[in-house]
Each structure stands twice: as structure tokens, then as C-alpha cells.
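Below are two complexes that have subunit A in common, paired first with subunit B and then with subunit C.
Entry: the complex of A and B
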């Protein structure tokens, strides 16, 4: 055992917000150059802990911090965090899209010395030094708003390195990256660690966490479950530590399909996808997978009538259809749960009642054009019961719900249209492990009741456990088409990333 | 950022040159020193307003009250100067700046402290300032302005034809303000902070940018420009008419937006704003010289504005051609 230096140690951290206990007696320790994971479900206190260590919040009295074995402190002020090189890269990155890469990286200089003359050459060369240090490729002169999310992530990392970061917290850094981009990012994180910078990773993707981190600290309901080495840890064990439940992922088993309800023949849309053919039967779950940008969502949009295919055919119940818009598609019994629940799936400010009834609000109106609040409430109450949505009051804005429950409201809103075919586009993004299982329980039940389902997902495990057959897309074409029962999870993983 | 804006400036410049060449051939008087100096003299105030407004737009705000601020400044400054027995340029400019900046700060206060969206806050102050002005002046104009303000101050005097072509003080003031604004927006770190602030307010806040300071600065700067512009306007027209500038705000706003500034912040340049003002001015001048009925002016200016804006944004309407733009 070689004793590594402790970069930061935080002991007995408690934080109350009014009556609510966000953190209770949590200990956290980070070694120099370590890659550490902070895991836990939404609302477990991860963000609060990060904000306390970053100086945004002050803990309740009794907390103790020390840095590299010395410098005892009772709290960390924002100025301390800056001096000690503690930085957080939040999920939204906090970059300036209208400034160049170099300007973003050295932005702190402008803030420190606003009246100093600008030297663009020096800004670029300073930025280039950091870029080289990370061994990546970025053009310091390009505008950040024109970069992909993955490259913006790199800019954010360069920025903290330029600010001489010693400890970097990364909040869900891989949430919107493709597999390959994720691998690049993880390689950079390893580079940082080899340069003695400690990295704390917050991620929902447990596979990744086990892959890259040396140790994991798990929080549950504001309390620390403990810090464990990742060696010997499995995803299953991690999940049960996070949720306090034993979640057994079971495999779907169904071969009882009805007649074909949806058929695509050589469907193409220039610039998006080409020659897509498949059929979907009543009661079947078809997986649609592939990297982000491979055409998954675009195909869903074409089926749902939001875009028009340039050639090919869509048949519903054996009849060729030509939707003018998604209004026609909804009338034909198609529902589409979009991948962006927060922005497109729900109107966050509207009540849970309204959100769940919005697709059928015209039908519920009585007399015509007048809202019928009682009917809306009744509908919502039914769905809350059926989908087991945890709601204290359906009149509250939908933003008051957790991610998993919000996703159930989206499902309710589409199920209210009584669809025959439902397309689920990445339904579990940003949803807790426990809540994911709940959502797939609902999905399976729907298929048992005869609904035809297309599941779009880039997680091999979701495809493996929940589909009957699946298609893999690559650059807008189908590269593989298989029965799920004929492969195992590792193979799916391999095909997606091939 | 820079490429996009340079392209906007280039398009505007080309349009301006094209229009000027066209007018030089079709009219006798466009390409005379007299006419060009007239355009500049007439646009000095608009340019002063535009460089103030572009700073607010770049910081992600909007202000439509500045034309009324300018009117208020005119009225108060001239009234006080008359009361103290005449005054002089120095006192006049100082007072104009103080009042203009204070009214700008009032806007900033509403926006930062009371969290009112900038367009709503300035619609409110637009009406409030104008209402107060009309109430206290009862709509009366001041024709008897102090001598120093009344006498035109020639800067450049060139013999041209039978008369002299003269450039007056306001255009020099405008050039001076253009240069200062250009300097702090592009040459020092503070300019990058303003762009960053307009680009993403939350990111700026997290980077330790003092949000209040930036807001007060940008609205204060527009107030300063409005104050000086107001005084220059009364110098040019040699009178103070309380509602003379009413409605000017939208002309200036369209010129600045034409110059590449974006409602929402983060984009815009001083040169773009100046070119926007000049383009619309040349169009107006050309219509005059071509003898087109004044009833069609607004129609044509509106059309040219829409065409020019579409030309600048053309890349957004073109269909995408590439399959996978995402990089591995």
C-alpha cells in the first residue's frame, strides 16, 4: 500500500435548508491525482456537497475541512476555493458561445483585469499551451457556439486547467456525448489525473464510473453510504447501494405478437437516413439504436409526420399513409415521446393536470372550445393511479416532479390519445436507476396489452432487457438487424460502438 | 464571432457603395460635397444614439427609452442654462451627461434590482419620462435657446460650387464617441466581459463578473450617449421641441440590428451600427433626390431593411446538405 496524499478531506458535513436536511454528517475524502466518483440518485445531496466544497454554500457548524493534511478550516469561502484551485464544471458548462475558444479559456483574465489591453495573439498562444497540455485538438480562434457539445466540454476543461485547478468536479460530463466522445473525454480525465489533478466525477452512467474511477463515494438521502474502491464493485452492487433496493434486471420474454401494424419500405430522407425498412407487430418492442446523430430520432420524426421522407413508404395496418403533419399521425394512432423531456415533452410551468391532458384537450372540451376542468382532473387522476406517478397535488406545475415522474407524465399524455404505436425516444435520459426500472415495467405492460413500441436508446442494457428485436443505425443506414434473444448484452454493446 | 460580424459589415459596406454609385449616376446632386456633408451632419445624432444602443444590445438588453431620455435632457439642460443666465458648452455637456447617465441608471435599477425584463422596463420608462416631460412642459417648445447652443460651430469648411460645404461640431462628437466605444468594446478586457455577459449571463455570473456593474455601465453609457445626442440635436435644429425625438428609437434600433447586433446579446459591433445608420440614411437621401413621393419613404425603408436583414441571415435558410456534421 502506498499512502497517497490527501488533497482534501471534509468531515461531518451537515446542511439544512429550513427544515429540510440536505446532508447529514457526511465525510468525503479525495486523494491527490485521484479519479473519484460521487454517486447517488437525484436529490441525494451530491450537488449540495459540491457546492459546499466549492464555497457556494456554507455548511452547518461542526464541519471540518483540511487540505493536503494541513490548513484546518470550518468552512470554505468562494475565495478559498479559488485559491486552493477547486473548480466545478457544471453540466451546462457555463461557456460563452459568442466568444472564441481562446477568449473562453482565458476569460478569468478579463474579469481580473478589465482595463488591460487585449492581446489576441497572446490569448491564442496561452490557450494553445493548455490545449497542448491536454493533448487535444482545438482551434483557439473558432467560435465556441459553433462547436459540438463534446468540444465545448474540452473548452470547459481547458478553462479550469488554465485557472490552475487542483481539484475538478465534473457534473454529468458524459450525459450528452456519444460513446467515442466519452472515451476521448475519459482519456483526458486520465491525463489530468496523471498530472496530479484530482477529478471528482458525477455520472449516471455506472459502467463508466466503474471503468475510470478508483474509488466511489455513495450518497443516499443526504447521508453517506460509504466510500468504496471500485475494484470488485459491480454495477448491480452499486445500484443497490445507491437506491437501498435490490434491483434485479430481468429479461423480457414475449413471443405473442399480433399482425403487423407498421411497415417501413425503403424510407429515405436526404441528408438524414437512407433505405430504412422494417416492420413492427402488435405487442412487439423494437429497439432502434446507434450513436447519437446516426438518424434514430430523424426516422422517428418521419414516422410521426413531423418531417416528410423524400422517398419510400410508410404503411400502417397494411395501408400506405402520407402524413401532412403529426396531427394526421396522432389521428392514425401514433404517439412519440421525444428525447428532450424538459423542453419538448412538457410545459414545465403548466400543472400536472394540464400536461397529462394536453393531447386530448380538444376532445375533453365541453361545450366545444371550452375547457372542462373536471374532465381534465379526472383523466389525470386515472393516469396517476395507472402509472403510479408520485404526485402530492396534480395542480402543481410539472416542474415540481422528479425526472422519473415527469417521464411518466409524458407517457400519460401520449397514452391518453390511445395510440396503437408508441415511439419512445431515449425515455430514461437523466432518470434515476430505480425510476428507470419503473418506466420499463410500464413499457412492458403496454406491450403485453398489445401496443406496438419502438424504443430508441443508446444503452445496450436497455435494448437487451426490453426489446424483442433491434436495429442498429450507422450514418443513417441500418447496419445490423437482429432478434434480441440471439445475442447477449456485450455483443450489443460491441455492435453499437463498432 | 468575428467572422460572422465581419461578413455583416462587409455586406453592409458593399450595399452602401452600390447604392452610392447608383445614386451618383442617377442624380446630379448625390455626389456633391454639400450633399455628403449634409447626410453626415443630419446623421450625427443617430450615430451617437446607435453607438450607445449597440452596447446595450451586445450585453443582452434592450432600451427603447433613450430617445425620450434625450428629449428630457435637452429640455432640462436648456431650461437650467437659461435660468443661470446662459451657461456655456462645458456646463451644458456636463449637465447633459449627468442627467442622461442618471436616467440610464434608473433603467438599470429597474432591470437588475426589480428584475423587470429590459424591454418591459424601458417601455415603462419611455412612457414615464415622456409623460413627465409633456406634463411639465405642457408641450411648449423653447425657441429662444442660449447663444452658444444656437451658433453652429463649423469644423471643416470647404468651398463647393457656389456655396460652402460645412461639417459641424456634432459629427466630430459622434466620431469621438464611436472611437471610445469601439475602443472599450474591442480593445480591452471589459469589452469581452460585456460580450460574455450578453452571450450567457449565468456563465458570466459564475465567472465572477459583477452583474450589477455591467448592467449599470451599459445602460449608463446609453444614457450618456442619449444625453449628448439630445444636446447635439437641439444644437442642430436650434430649438427644443419636447416630442421631436419621439419615435426615433425604432429607427435607431432597426439600424443597429441591421448592423449585426442581435436581440438577445453577444453579437454586434460599433462599425456595424454606424454602417446600419448610414445605409438607411443614404436610402432616405436617395429617395429624396430621386423625387419619390415622401408617402412611400417608410414603405421603401421598411422593405430595404427586411431585404438587408434577410441577406445577412441567408445562411440560416439554406437547407443542410451534409449527412453527419457531428465530429467523432
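Entry: the complex of A and C
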């Protein structure tokens, strides 16, 4: 490999917060025009490192920074970061939804010259120049709030380019994009790199990381594991470097299935899905996959009684049901783990205790008008033990837990209802690699115990390793239906994205 | 850094304990302050006068707290209270002979039932129309005021049977009867909020209605209950005011409206819903009353008392800010 210029080199970075060591003696080096990945599980110190390089935090004494081989510094101040063109695009993008695309892109002008009048025409033409530079299509006059997430991402990229970025950190840029949108984004990242801009990519999707990045720096528990070229690296090796564990993804063994518990016959809901028929047996894991917006979640909502199908039938244990709301569905033994854990799965501000008991408060009230707080605490303690949830104090808000542990709390609150059927809607979104395995261990154990499970996921690997059979949805209809044992992972990947 | 670590340590104790400690400290400080300044402060007379004034504001504040915990607000509490008072007075004066003590029981029943009716209507609109509680209760507030003024021609109804005066203005075992009523209402509300399924659900609906609904809580029923309970407490306050003043006027206690909101926030209720406890609220109310009575004793005007209350809220918010979560 040619010796490229070093855009930034950071040496011996240590950062303490109180007693907690967020980073210890970490080195990080980025070449000009390189696409570099920063990998590691949640809480490993990625964000802290980004914030130190971006000037938000100051490192403990002893750190050394240099830029393009010169300009030695002991710390980076926000003003330095700005001057050197270091920018971060956080996952939430930090755009102004009520402003236009152009206003968002040239936003820096507003900040730099707060009293200058705004020339709308010039704003649009300036923005257009940046848009053209990236070779994308965006209307500078449209309101950012009206755009899709993928387009907003592009606006955020245009903004940093307009601000003359040399180094761009992208935090989970593909987390909420479809496969196609992701490919578009990766193409743009390559364009940036070809224009000499260095990009640091933070992503949980390891396939993507290996695909686009030249090198990867791995952090674990605040320490650097090292920087490796991605050539010759495999997902498996990357995972074991990140977690320090050798994670062997195993394929689920078909167990014996019991009688049919759930049957859908020609279920349709206008505008969402059409003619959905399938059946689910006791102890079976059925995969439901397809792109975002293919009707996966909508079907789950109909089964869970959140919405009403316009035609067709849902049978539970051979008996047709007609749920007025999800209260009826829960009473019939259906549980639904929402894809949106942050907003719908848990009440982030309330305690772990309350979140784990919310589905069974009626049962915990003994007599009916007396709900003892001790009963709630006991239930929560039991589930913390059973599902091995890492909790320091169950009275703390559930938001204090990591993604994987939060997802375990969601499982706990639904398992507490003793369901017959559990629908898992994208249960590993925002969950670390190591924690994902843990969650699927629980899921498999449940199915071994006779639970009927529907697993909604758009990750071929999850479908391949954990289901007995799966359905692929396309525009609200079932386009494929097959036994998992008859296909391989690559084939599933191909079908989903066909 | 040092400052931060203390904050962290207190945070670990949990916010509930924190609210309780801070409000108790607030009460102790205000009692100490006034007993040092005025030697008359520690007297039975002062405490009894405080205990007579507290219950009305107290009941109205409970009526405000429940909707705030559910993520809303009830701006119609004072007018609801007086509509209940008016209905009761009207019924008793026009249709009923004096049954003695029985009349009082009847009066409270009528007042509470009317309060539940008004509250349930408000709750139904909020739950099923989905309009914001501020808008719905603001509409209800202005509607009830106009209604009350129309019925009374802007005046008042007075001349209740003597037994009302007894309930409103006499002592039992040295303690004013209204205080018993307030404490009983606080205990019932405390029980509902901390020890029942419905109270649990109110907290969950308050902080995240969508998550609550996905978890199988019927959020609409909960909202109807919240405003019915708020109406019942307002109705109780209305009949109590009727017996204290031996008269009822639609504008009675209107100045309490914003004070009730202040008291809720002073006790640590979250303006966005989901948090707020009864015990800190009761202690906070006592503190406010201590400040009011103490300042009266020093000869300060009621206007200055109001200013002090506002000032205290701001100070408490500032002291609390390092402990508040950013989200």
C-alpha cells in the first residue's frame, strides 16, 4: 500500500469521568482520503474518542495530536476542530426540520455572520453547488422535515461538505436505511474519499464495515485492540476482536413441534398487506422478513390487536378471534416486542421495576384493589435473575441500561404474561454483537419450552440461524415461503433484496 | 468535578427519595426561619389558623396533581369546585328541609358526584377526541365560569344551615375539621396512586402513553378516570369552601389556580408527566402555608406572600437543576 499522508494522528489518549475510565492509552490514526472504521460494542469508548477529536471533551494530560505530520497539540479545542475541518454527523443528524434543504446546508453562514441578511437565491445556488459536487439529487427548496431519513442523511453530509470538512465522523449512518439506500450512501462515502476527505465510519453492521472501509480500529472496554486492514478480515474475526469472545453462530436445531397455535387465513388490511396466510406451531420459530415498509410490522400489529384487519381470519388454537384491542390479544396469550424499543417497547423514564411489571399489574394486584410495590420488585428481581439482566439498581430508569439489557427487560415484561405466542419485531436493532447472541439464546430456549415465535428481521443471518421456516414479504404480499433448512444464508440475503 | 461527584452520589439514591428529602428540608428551614424571627410563631393559635387555611388549597392541589402526573393539566378545578358548591347550595336551599348532620353528608355526596360528572365529561373529551388537556380544560374553565355567573347573576348564594358552619369552622380534638377532610382525601389519593393498578397506569400513561398502550394499558379509560378523580377532589373542595364561608360564588378561590400548579412543581411533579408524589406535595403545601402565616404574623401583605411563593419555586428549581435528567 502506498504511504499516504496522515490526516490526523492521536496518541496516548486517556479520559476519566470521575472514577470511570472511558478511554485508556488509545492511539488513533487516520490517513487522508481514507475510509476508516471505528468498531466496538456499546460503551467501549467510541463516542468519547470522537468527542475528544471533535473538541467536545478534553483528554487527560499526556495526549498528543498531530495533523498532516505537523502542528503538534496536547488537546483539540472546538475552535481547532472547526479550523481543521473535523466534523461529526451524529445518528440523530441534528438538522432543523422546519428549515429548507438549502438553509440547512449553508447553516454555517448563519452562525458565522448572524447579522447578515439572507439571500435566498444565493443560499439555494450555494447549496446546489455542494449537491452537484456529490452527484446526488436534492431539491434545495424542500423542507427537511418532509424528506425521508435517507435524504436527510444526504443533507447532513452536504452540510459538512459546505463547511469545508476534511475529516468526517459518521455515527451509525446506515442504522435506519434500507439496503438500497445504504448502497447509495456508501457510494457517496466513496465519492468523498476520492475527493480527499477522510471518513470515519461507526457501524454495528459488520458486513458493511468490511465492504467499505480500508482499515478498522477496534476498541474494547476503553482500550484499543488495534488497527487492522480490512483485507482478509472476516465478520467472525471482527466480532471476536470486539467482544473478546469467540462467538460461534450456531444453527438452530429443529425440535419437535406441537399442534398449530396460530393460523392466519387470507388476512388483509387495505393499504398495508393482502392475502396473508400462514400457520405457526407450538415450539416453532417462523421468520418474517422483507424490506422496511413491506408490511412486516403491520401484520404483527394486526395479530396483536393494535389494528383491525379489513378481511380474513385469525385463529388461535383453532378458534377464530376478533380482538377489540391488544388487551384482548394479551389475554389470549400473545406478546409483541416492538421494533421501536426506545419509544414503544419501554417507558424510558420510568424504573426498571415498573417497566418489567407493566403488562401484569392486574395479576399482581391481590386483592384486586391492592398492588403492592414489593410484588412488583419481586417480579422484577426474578426476571433479572432468569434473563441475566445486568442491573445495578432496579429503581433506576430503564434508560440507564445498555441496548441489550433493555431488550431483555422488554422480553421480561412480555414473558411475565406467560404468552403462548411471542412476536419479536427486529429484536436486535441497536444491540451489540455479543448481546445479540445472548438474546437469541433466550429465544431458542423459549421455543424449546414450547413457545410459538414469530421473528421479524431484515438480517439474513438472523433468519438463517434462528428460524425453522420463513416468509418473505414484498409490498404487503408473501413473495416466498420456505423451510430454512432448504436454503443457505446467501440465498436468503438475495431473496430479501430481490 | 468535586461538585459533580456529590450530585452523582445523591442521584444514586433515586429521585423519589431526593424529592422527599429536599421538601422536608424546605419545610424545616421555613419553620425555623419564622420561629426565629417571630416569637409568636410557635403558638396553637397560629397552627390552628394555618390548619384552617390549608385544606382548600390542598384539595385543589391534589385535583391538579393527578392530571399533571398523567401528562396533562386541569385548569377548570376552581370553577368545577364552585359549580359543585353552587349545585349543592341550590339543592339544599330550594328543595331540602334541614336534616341536620345528614344534610352535610348529602351535601358532600352531591358535590362529589357533580364533580365526577364534570371531570368525566372533560376526561371523555380528552381521551376520545384527543385534544390537548390544556385546551379542553381551558374551554371547560371558561364555560363553567360563564355558567356559574349566569346562574348566580354574578352574585353569591349564602345562608346555609348552621351545621355547615360547624363543619367548616370548628375544631375536633383541637384540630380543625377541614384538616381531617383534607388528610382523609390525601390518604385515599395516596393509596390510589401508590397501591393500585390504576395509579401505576396513570404514571405510565403520563410519561409515555404510546408505550403504555402497547403494554396493554387502556389509556383512554385511564384518562377518563384521572379527570373524574380530579373532579371529585375539586367537588370536595367546593363543598368545603361553601361550609367555610357559608356562601358560594363562582369566582371563589380563583387565585389558587396557579398556586396549585406551583405547589405541584415544588413537590417535584414533572411538567411533562409521569412523575409526582403525594407525600412531598402535602409537605410542600404545609411549607407554603408556613411561609404565608409567618409573613402575615410579621405584618407583611398577602401580595408579598404571593411574591415569596413565586420566588421559592424559582429557587427550588435552580437548586434541583443539577439533579434533573437531561432527557
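Note that in this section the second predicted complex is superposed on the first by the 494 of 498 C-alpha atoms of A that agree within 3 Å, B and C clash if a C-alpha of one lies under 4 Å from a C-alpha of the other, contacts with A are read in each partner's own complex, and residues count from 1 in each chain.
The rule is simple: contacts are C-beta pairs under 8 Å (C-beta built on N, C-alpha and C of every residue); 3 or more make two chains touch, one makes a residue touch a chain.
Just so you know, these numbers come straight off a predicted model, no measurement behind them.
Is A:195 touching anything from subunit B or subunit C once the two structures are fitted on A? First, second, both or neither.
neither
Pick one for A:358: touches subunit B only (first), subunit C only (second), both, or neither.
second
When the two structures are overlaid on chain A, which partner does A:395 contact: first (subunit B), second (subunit C), both, or neither?
second
Output check: A:117 vs subunit B and subunit C. Expected answer is one of first, second, both, neither. What do you get?
Only subunit B; A:117 stays clear of subunit C.
With the two complexes superposed on chain A, say which partner A:475 touches: subunit B (first), subunit C (second), both, or neither.
In the superposition, A:475 contacts subunit B only.
Contact-wise, after the overlay, does A:100 reach subunit B, subunit C, both or neither (first, second, both, neither)?
After superposing on A, A:100 lies in contact with subunit B but is clear of subunit C.
Would you please give the residues of subunit A that touch subunit B in one complex and also touch subunit C in the other complex?
none
Considering only the defined contacts, which subunit A positions touch subunit C in the complex?
On the subunit A side, the touching residues are 18, 306, 325-327, 330, 336, 338, 343-350, 354, 357-359, 361-362, 364-365, 368-373, 393, 395-397, 399, 413.
So in the complex, which bits of subunit B are touching subunit A?
Checking each residue of subunit B against subunit A gives 1-4, 186-193, 195-196, 198-200, 202-204, 206-209, 265-267, 319-328.
Looking at the complex, which residues from subunit A come into contact with subunit B?
90, 92-100, 103, 107-111, 113-118, 143, 145, 148, 150-151, 178, 180-181, 271-272, 292-294, 475-476
Taking the touch rule as given, give the residues of subunit C at its contact with subunit A in the complex, in rising order.
For subunit C paired with subunit A, touching residues are 1, 4-5, 8, 12, 14, 16, 194-197, 199-201, 203-204, 207-208, 210-218, 274-275, 325, 327.
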